[in-house]
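I've put the structures underneath this note.
In what follows, chain A forms one complex with chain B and a second complex with chain C.
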Partner chain A sequence: MAKSFNNQANKNLTIFVFVFFAISLILFAYTLYNLTVKLTGYDVGYVNLTISTLVDINVTTNTVNWGPGVVTDPNLNASLVTAGSAAGTATRGNWSGTNAKALVVENTGNVNCSLAISGVKNAATFFGGNASHQLYQWNVSNKETGACGAWGETSMQNTWANVNTSAATVCNKLDYHPGNDEMYIDFKLVVPADATLLGALSDTITISGNTAV
Partner chain B sequence: MVSKKVVTVVFVIAILLFAFSIIMTFSNSNYSPKNAALSDDTVQPDVEQAQVSIIVNKPAHAPASN
Partner chain C sequence: MKSETFLLVLSIIVIFFSVISISMSFNNLNLMQKLTGYSTSYGYVNLTILTYVSINLTVDSISWGEGNINAGEVNATLYTVGDEVGVVQRGNWSGVNASAFVVENTGNLNCSISIQSGKNAHDFFNSGTNSNEQYMLNVSNKEAGSCIGSSLGSWVDVNKTSGGTKFCNNFNFRQGVDEIYIDVLLTVPADAGNLDEQSDVIIVTADAAG
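Moving on, here comes the complex of A and B:
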């Protein structure tokens, strides 16, 4: 009876040892496979990646210069309008539009950005004279299709509006991909014939690029 | 019947294989995506200026204001 029990116990122990051996062998083979793959296929390392986000705008056409001119008689005012990349046109006045083209703003950074614009003057402080015969306006539009993916302040979007002296975020998301990243800022000046401010007149337009909204 | 000596040898080999596997597995598991650092820098705004200019000469016969 005792011998039979011992035989059974030995048999069980032997089976356990061989099962344990089989499991260990499988585990060993798997570990060895992993090691081999790592040795021949890839290595373990650390990657520290810093992506520099750059908001950068460039005003590629940065001057609207009408040069000298006069409101032709007997008109009460002259209208001077830029039209994108074409020469500006002057009516009821003899200014030349050769150097009067829209400002062109390009997103030269590596992320979409917002665009805020402001002027310093309004029509009255630009020209003086009869308020009903003067205008100082701008009109913001895409130079390249879909450049502005999300408009902000829409009062001057593809339409004439008085120049703001406080910054207006006209575009919330100006694209940065070449071929899709340029916008126009056109200007309309209505010069009164009785302008009290004469000679060389100018205004400064500030264009700010910031994180896309 | 398998001898006791063979069973002992097999058991020892199994223990060694098992130990080797466990050690190698844990010694190569120190890579974690958490160790990969991704940093971002602060965005600085860019401010540009442009000019709108005109020279307005006085008309020879300035009209009277309305």
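Moving on, here comes the complex of A and C:
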């Protein structure tokens, strides 16, 4: 009785394996056909390719460098301001604006993307000294008209706002088409005459591109 | 037993073809590439604030003009009092243009202040009896808390040796607390050997070393 049951089970298993084997062979053959035969076809030809979507940004001007300088006496502070691609302007101080131009961010991918920015420092951690005579601010604007098609956080859109140490999405849709894909990030530094942090000072701005929302 | 072995082999073949088929389909769909979509770049903001020691004598001249010791006196005393008109005792000089030197720390560091004169009292007046002659300085804060020093507010003989006398160990650079007075006292002897116009140059030296 038990032997008869085992034989029947083996038969069922054999049939099941054969069926599964046949389906696998058919799928395998179909896949091979799609990948090879269609390209060498006899009556219909297909050319297939996939263009991957790519989010990629490039900071084409990635350093704002004011070099060395001092607050000229008897001023309480000096103001250092970038203005897009023009040389930066230093007032009440003797820094040079030659190498102080706005950061330029370009969408080098092939899809619109969002843009988020953050700094590491604020004015107090940048300079120390009298809080009423110091600023560290940024201003985000289109370098190419219409580059940002949907603004996000607008507090620094074409206006000066304190640098934020947490990421703020300033643009929800940065265009990727050449000629229409670049933005400025300008910076304003107000250096207090009584700065307690002296010597070489710097901050790093993190700029992230993500799939457009 | 033979059929079980056959089934095992067949199963392995099926799994093999299935794995190949799945991987080819997966690759064909290019799923991995389609899932990418994030990019991060960095920008940098740099500047250097130079450290520098700088002082400025915003009042750099004391002029008593012409005068004499009153008759019968062995000397006259002339001394400045901050921004006020200078004081003349037992003489007729004018204190109108005799207010204290004012030194401001215009740098961006605290510093020390030392004062060296070009002459001492005898060099200045050359008293015949080597008496009744004085040439002294008094350093005080014009703005409270500008300077810290043990001789602050006291008259001290000038020092013409190199380096002079250190009056401040920690002269502040912050606006509103960065100015000191240097008052000057002259006692003119009646038997001065040096007559007519007399002058001296004092050197005020600031040093970051403290």
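Simple rule for what comes next: the second predicted complex is superposed on the first by the 163 of 213 C-alpha atoms of A that agree within 3 Å, B and C clash if a C-alpha of one lies under 4 Å from a C-alpha of the other, contacts with A are read in each partner's own complex, and residues count from 1 in each chain.
Heads up, the rule we're going with is that a residue touches a chain if its C-beta (ideal position, glycine included) is under 8 Å from a C-beta of that chain, and two chains touch if they have at least 3 such contacts.
Computed from a predicted structure; not experimentally measured.
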Quick one: is A:A86 in contact with chain B, with chain C, with both, or with neither? Answer first, second, both or neither. neither
Figure out whether A:S132 sits in contact with chain B (first) or chain C (second), or with both, or with neither. first
With both complexes overlaid on chain A, does A:I15 touch chain B (first), chain C (second), both or neither? neither
Which partner chains sit in contact with A:Y46 here, chain B, chain C, both or neither? Use first/second/both/neither. first
For A:L189, is the partner it touches chain B (first), chain C (second), both, or none of the two (neither)? both
Overlap of the chain B and chain C interfaces on chain A comprises residues 10, 13-14, 17-18, 20-21, 24-25, 27-28, 31, 34-35, 50, 52-59, 62-71, 73-74, 76, 80, 95, 103, 105, 109, 111, 113, 119, 127, 130, 185, 187, 189, 191, 193-195, 197-211
Sort out for me which residues of chain A touch chain C in the complex. 10, 13-14, 17-18, 20-21, 24-25, 27-28, 31-32, 34-35, 50, 52-59, 62-71, 73-74, 76, 80, 95, 103, 105, 109, 111, 113, 119, 127, 130, 185, 187, 189, 191, 193-195, 197-211
Quick one: in the complex, what on chain B touches chain A? 2, 4, 7, 10-11, 13-15, 17-18, 20-22, 24-25, 28, 30-31, 35-41, 43-66
Flag every residue of chain C that touches chain A in the complex, lowest number first. 3-4, 7, 10-11, 13-14, 17-18, 20-21, 24-25, 28, 30, 33-34, 36-52, 54, 56, 104, 106, 108-109, 173-175
Chain A - residues contacting chain B, complex: 10, 13-14, 17-18, 20-21, 23-25, 27-28, 30-31, 34-35, 38, 44, 46-59, 62-76, 80, 95, 103, 105, 109, 111, 113, 119, 127, 129-130, 132-133, 185, 187, 189, 191, 193-195, 197-211
